[in-house]
Amino acid sequence: MPIVFSLDCIALLLALSVVAMSLERRSAATPVIYGASLLTSVLLLSAGLLHLLDGSAPAGSTLPLGLPWIGARFRVDPLSSFFLVIVNLGAAAASFCGIGHGRHEQAPQRVLPFYPAFLAGMNLVVLADDAFTFLLSWEFMSLASWGLVMAHHHQPENARAGYVYLLMASFGTFALLLAFGLLAGPNGGYAFETIRASHPAPLFAALVLLLVLVGAGSKAGLVPLHVWLPLAHPAAPSHVSALMSGVMTKVAIYAVIRIIFDLLGPPVWWWGIVVLALGGASAVMGVLYALFENDLKRVLAYSTIENIGFIFVGLGLAIAFRADGFEVAAVLALTAALFHVFNHMLLKSLLFFGSGAVLGATGERNMEALGGLIHRMPATALAVLAGCVGISALPPFNAFASEWLTFQAILLSPQLPQWGLKLLVPAVGALLALSVALAAACFVRIFGIAFLGRARTEQARTARETDRFSRVAMLGMAALCLLAGILPGFVIDAIGPAVQGVMGSHMPSQSRVAWLSIIPIAQSRSSYNGLLVFIFIALSATMAVLAIHTLASRKTRRAPIWDCGYPDANPAIQYTAGSFAQPIRRVFGTLLFRAHEEITMPLPGDMAPARLSVTLHDVVWDVLYAPLAGAVGFAADRLNILQFLTIRRYLSLVFFALVTLLLVLAIWR
Amino acid sequence: MHGLAFDVAHLLAGSLVLVSFMMLYQDRLYALLNTYALHAVVLSLSVGWQAYINAAPHLYITASIALLFKAIIIPLALHRMIVRLGIHREIETVASIGPTMLAGIGLVGLSLAVMLRVTADADLVAREDIAFALSVVLLGLLIMVTRRNAVSQVVGFMSLENGLVLAATGAKGMPLVVEISVAFSVLIAFIVIGIFLFRIRERFDTVDVQALDRFRGERR
Amino acid sequence: MALIRDLAVQGAQMCLVVLLAPLVTGLVRKMKARLLRRQGPPILQPYRDLLRLVHKDAVLAEDASWLFRAAPYLIFAATWVAAALVPTFGAGLLFSWSADLIAIVALLGSARFFLALAGMDVGTSFGGIGSSREVMIASLAEPAMIMIIFSLALLARSTQLSTIAEYMLSPRVGLRVTLGLAFFSLMMVGLAENARIPVDNPATHLELTMVHEAMVLEYSGRHLAVIELAGSLKLLLYISLIACLFTPWGLAPAGADWRVDATGTAAYLTKLIVACAALAVFETTIAKMRVFRVPTFLGAALMLGLLGTLLLFVSRGL
Amino acid sequence: MNLLLSHNLALVLAIPAGAAVILAALPGYRLSARLNVLASFLTFLAALSLFVRHPPPDSYFLIDDLNIVFIVLSTFVGFTTSVFSASYIGHELETGRLTPTYLRFYHAMYQVMMFGMNLALVVNNIGLMWVAIELATLATVLMVGIYRTHEALEAAWKYFILASVGIAFALFGTILVYMSAQPVVGEGLQGMTWTVLVTRVSAFDPALLNVAFIFLFLGYGTKVGLAPLHAWLPDAHAEGPTPISAVLSGLLLNVALYAILRFKMLMSLNSHAMAPGPLMAAIGLVSLVFAAFMLYRRRDIKRLFAYSSIEHMGIIVFAFGMGGPLANFAGLLQMTMHSLTKSAIFFTVGHIAQVKGTQKIAEIRGLTETHPQLGWALVLGVLAIAGMPPLGIFMSEFLVVSSTFARAPLLAIVLVFGLLVAFGALLLRVQGFAFGEPAGSTAPVRASYVPIFAHLALVIVAGVFLPRLLVTWFQHVARMLG
């Protein structure tokens, strides 16, 4: 009975957070709590895997909690068990990393109680089977993560992050609440099975779709609802940022799939257009934000937005194909999306662990202050390099496989009868390609500036390799990324049941194809074999090395850098992150970010240095959020006058209320 | 009930409204107080009449309370206060008398309009009395709203309360009328004493309500 | 038996590309020189250069990391694998299905990724310039390439090179606007990707104009040789890509006997020579453009590709 | 024991009355504070025993499922508040803000107020109910002014004047109800007896009922603190002693609400009279949105939470206005949770204000560092009041919003908008209070955590688990309210 077991584990997590509160500032607390959470998430992970692979029937259970006349319903079906795997794989890695990384924490008593609660919240969302339990867990998840964001509450920007975060979170929750209100109807059929049974009117369904996109999209970081994400994710301790960015956004994806694909009933084709457009926009905007950002963790957060966009494109394709009854294509698209969910979870956790290691070693999040870390922290550098290659969707790593699948799905778009989709889908494909290329640029930038070159500051020069646990966690994740990249067939087959559960069918089994390559539709159409590509690259590289080293010279001399004849020991002459992004900023920035460069040249003979200052505007914030905040402030100011009236004025308010009501009564009927 | 009784009741109730209008018209404190005394007298008369025609002896108590307490004690007390506190005698009103009167007429019209919807089978005295009572209440509130000076506001409140008593007595056989009128007298006493209190504490140099809420909770 | 034969073909292909690559470079240089009325280096000069470089011992900057030494081999390997999967003389490559067109582009992408990193490893200003410009160019060239692939794949209903080539051979393919657009777009992308004029000048070492050269500035000896070889491999790859996509004539079908293969080879060599000539003529007649004109150039390529893809639906609603 | 049970209703009234007399005579604050606690506790027990058995409705008293909710709730909060007030008042004596004489007065008035509220809840006669509420109001007026500072006196005066007008309206409404009843049920007490009215209301004159309801709604609505009748509420909360703020928010508002609900039931039973729902829903929404915006510019912590009380009363009235089993259930739940949470918040705020020596929002920062228990209690309380799970109000707001959206989408949008705006303000403030660089005194505080955490624990439990008994009972009441 996996469901009961999982619920027990979750209860254990909740108990843990209570324990954490009680043992306050003990030094033993950190390893104990993280160790226990690690154990629990491993248990949950295995439970999810078992249920996913042995293809057993969905199992539900109802606790006498929550809404009394419905009870708190929980259910594990392939979809939720897949996300159970996602959540708890990330959670296990983060907990393991936390055992070591948590030692650097200066205020553990502000982190430890919330951490297990956060894990519990995410697991509960995935298992919930009625609207109330779902939303309760959803908001509880946000609340716990808010606590984690506020852990380092002394920096004012963290406080701001927490504020924006929780506000956006409850905004999203309200959107979902309204959606469920529509789905459940006036007399409150909140149980998911009831909702499944009832099919809302087309208009209502469309409304629900939009509300879900707003609600879950704001949690996933869909443009233009992403503003909180780059603030909040970096504010938390790094292994928690990994959870928020790598896992919590996936929980939001789960919500979208659960509601739109499972609860909402048959889709309409134009829904696909909405989702596709949002996804494409998020992908490009996200990566551009990332390119112009210098804060290591914020870059990663922005890149999360990009990948979320990528996933949403997959979902949009699935919706479109499904609405037009192309089962195979829909299944392919959804599989691609879920595969990318898995990949991004691995990669983003890995990268955030890496940023945490760098932060711990140098106390710096700003790339401009780093450099040359590959010498000081080789293991971290290796792992992060793997992460960078992976998230740039380059073979033979895992993200390429999912990207490739998505493109294959896009290439099936000509079947679609609607012109809107016919024309939109390839355009979105172009956007995806663009975002992938830009992502590569972005991660070349990160790794090149932070890890390569020469140390730009003293902290970077004296950085020390991070602790054992973090290293193991990072390298383990990197290994998983490579594995998933060269053996994508197995992952796809593992995803199969989840897709089956939602779509009614799944992709042909890949792991039995000859040479372990993947063939989404037909051999003649397209195929990819990560394993062979990997082996070929490895072979030819080693061949080249061996050949040259045996037949020709293998001697190397060390010498000062040549640099076209201008050797300068000063590391300040290195290319900076800003200058690295400059060409791309010139191409894309001026339009989307109103990027503006200002050069102050000193007069001839003046010894003052010339200065180049770049100003970027977050268009979304300027256009959407600033006016909103302004409006609320304005209204508050105007209404505030009512606090300062005289009694006579208050009396006249009462008087007018009375007279108006009487007038209404006199005029009525 | 035979016509005469009805007419007298009607007359008294109507004259109460009239007196309210007179109060609305006053712009001097003493005059206002005197008119209020008149108001109370008329009220006690009408209550007495109700007691007589409905043969409800307990209403006589109410009537006498109205006569003694409202028509004599309170006005005298307020008189003394005005002298003692040296409140200047003009009442600064919000709007000039003319519009205020118009508003008052509008209110009476409103109350009639509202009450005319009452199905006729409710007995007529009740119906009329309620209409008048409602207009007295509204006029009293209007006085409170349009006067800037605490004493006149208190007077307005008291006339409002007279309207209530009128309604209460108009309702045939309504229990607790006496208790209610007593309770209200207590309330009014409280208000008057309240004004005294502020004076005695020497916190406020005038009892103008605006001075009272000089602080207005949160200082700006 | 067939398996062995296929293996042989695949092996021959791998060796062929790696052997021919320097020749192509040499050929282009020679032709350009002749067009400029210069004697020019002998055609085989690149081979000599490579041998010379390989025998020198490599000089590394003091603070070069292991990545700096590993990068050349990774770049070479990725490019080689990619090149080995593009049909040259015969379509029947044993492993052609192990990576389709998208994967090939992605392989080149990985090669570029490491090249850019290598450029930044030593921490010089020029390396940085090179890398940042390289990624900027790539960020536009790759989508363009993907768009080209889309338009071809939508036509041929496949992203497998061999399948597309067969489709191109077949009479089903008429004269299509899309193909023309894709062809031009692919030309432009190829120029940009191979750091040719007008995007970059392979021969210059004028710091402010160079892109590719700036990244490999710090390399020497065998590392430089490997990178150079990878560079010419890439050029060859693009030429043969264009050849097998747009002029697939004489391409030996899978499982043909050796005579057909021979004719295929002959055809391929002639295509190579023609392409080199065309490239040489083009490069001598056109001037290099400013770096910040490049985006517009590549943006045009991207637009052409997208236009081609969209035209597909209009021209014949697939 | 059995005897006690049989007279439990009498006890609910007698204990506070008696205690008031004794406390008025008793010197020395320790003893009187203890006695106060004891009396409140006994009252609570007596109220609880009403579950076990309660007398059948006679012409004066009525105990039904509706008011038993209110009685138990108010006696419970009254009890916990008295516990809190014991520790709070001690500190006030030390700082000399209160003198023993005033303290005697304070305790007596506390019990008088309890008496008034219990009476208002149990009587079966709308006239007596009016008298009782007036009594309770006057008692609170006197207690609001007890500090005799400028602000306190002004607040008391404002409260007094506005409340009296409200009282007058309520009385007029009551008279009108009687007049509409009198032709049907005949003269005398009958015409004011609740049970009689309910049975015969369908024959009453609808027009009179309409006018009556408007006056009653405005009159008692003034007590509930609905905008635009709210003006007295913020100042009364801010300037009076904190226990009184807790009682005001936790109890008095509910009692007035109870009166409104009663008359709503009456209205909805007469098919010709106007439906009270729309009016209540509209005013509720107005109060919600208005209070939500008012939260932003507050500088006084108690006034802040006073406005949040207005906001919640708006939500509750809206819920009852929407009607239907779900919304009514939500309304009842929200009311209960709000009483518990808000009083807990005021307990916390009281201690905070005492230890920091100020009520200025700007001067209270970083509590979770200087006073962890108080700080986290405040955070928890505010999150609860803002409707965060797993706390009770989340459930009620979930029900209100979701059930409304399917019926009246636009109203639900406005509701959600108001809730979000309010949440924005509350979150902003609580982050200021609880986090950031600490400010003000870091002296340890002698606080009575028991009532605070008792309330919060109840709220948390209710958020995830409602006992079957409570649910069926609420559902029955919800059906009663129609």
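All chains are identified by letter, namely A, B, C and D, in their written order; residue positions are counted from 1 within each chain.
Just so we're on the same page, contacts are C-beta pairs under 8 Å (C-beta built on N, C-alpha and C of every residue); 3 or more make two chains touch, one makes a residue touch a chain.
Computed from a predicted structure; not experimentally measured.
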item	value
Where subunit B and subunit C overlap in contact partners, by chain label	A
Chain pair, A-D or A-B, that carries the greater number of C-beta contacts	A-D
Most remote chain, CA-based centroid, reference being subunit B	C
Averaged-CA centre spacing for the pair subunit D and subunit A, given as whole angstrom	44
Whole-Å gap between the CA centroids of subunit A and subunit B	69
Interchain centroid distance [CA atoms averaged], subunit C/subunit D, Å	79
Subunit A-subunit C separation of Cα centroids, rounded to whole Å	35
Contacts with 2+ other chains: residues of subunit A	643, 645, 647, 651, 654, 658, 662, 665
In subunit D, residues with contacts to at least two other chains	157-158, 161, 165, 210-211, 234
Where subunit B touches two or more other chains, by residue	114, 117, 141, 144, 153, 212-213, 216-218
Each pair of chains that touches, named by its two labels	A-B, A-C, A-D, B-D
Footprint of subunit A on subunit B - complex, ascending	94, 107, 110-111, 113-114, 117, 138, 141-142, 144-145, 147-148, 153, 209-210, 212-213, 216-218, 220
List of subunit A residues in touch with subunit C within their complex	371-372, 374-375, 378, 381, 385, 389, 392-395, 400, 404, 407-408, 410-411, 414, 419, 422-423, 426-427, 429-430, 433-434, 436-438, 440-441, 444-445, 447-449, 452-454, 515, 517, 523-529, 532-533, 536-538, 540-541, 544-545, 548, 551-564, 566, 571, 573-575, 579-584, 586-587
Sites on subunit D touched by subunit A in the complex	157-158, 161-162, 165-166, 169, 210-211, 214-215, 218, 222, 228-229, 231-232, 234, 274, 279, 290, 293-294, 296-297, 324-326, 368, 383, 386, 388-390, 394-395, 398-399, 401-407, 412-413, 416, 419-421, 423-424, 427-428, 431, 435-437, 463-466, 468, 471
Interface residues, subunit A side, partner subunit D - complex	64-69, 72, 131-132, 135-137, 139-140, 143, 150, 153-154, 156, 159, 162-163, 166-167, 170-171, 174, 177-178, 180-182, 184-188, 190, 632-633, 635-637, 639-640, 642-643, 645, 647, 650-651, 653-654, 656-658, 661-662, 665, 668
Residues on subunit B engaged by subunit D in the complex (per definition of touch)	114-115, 117-119, 121-123, 126, 130, 133-134, 137, 141, 144, 153, 157, 160-161, 163-164, 167-168, 170-176, 179-180, 183-184, 187, 190-191, 194, 198, 201, 203, 212-218
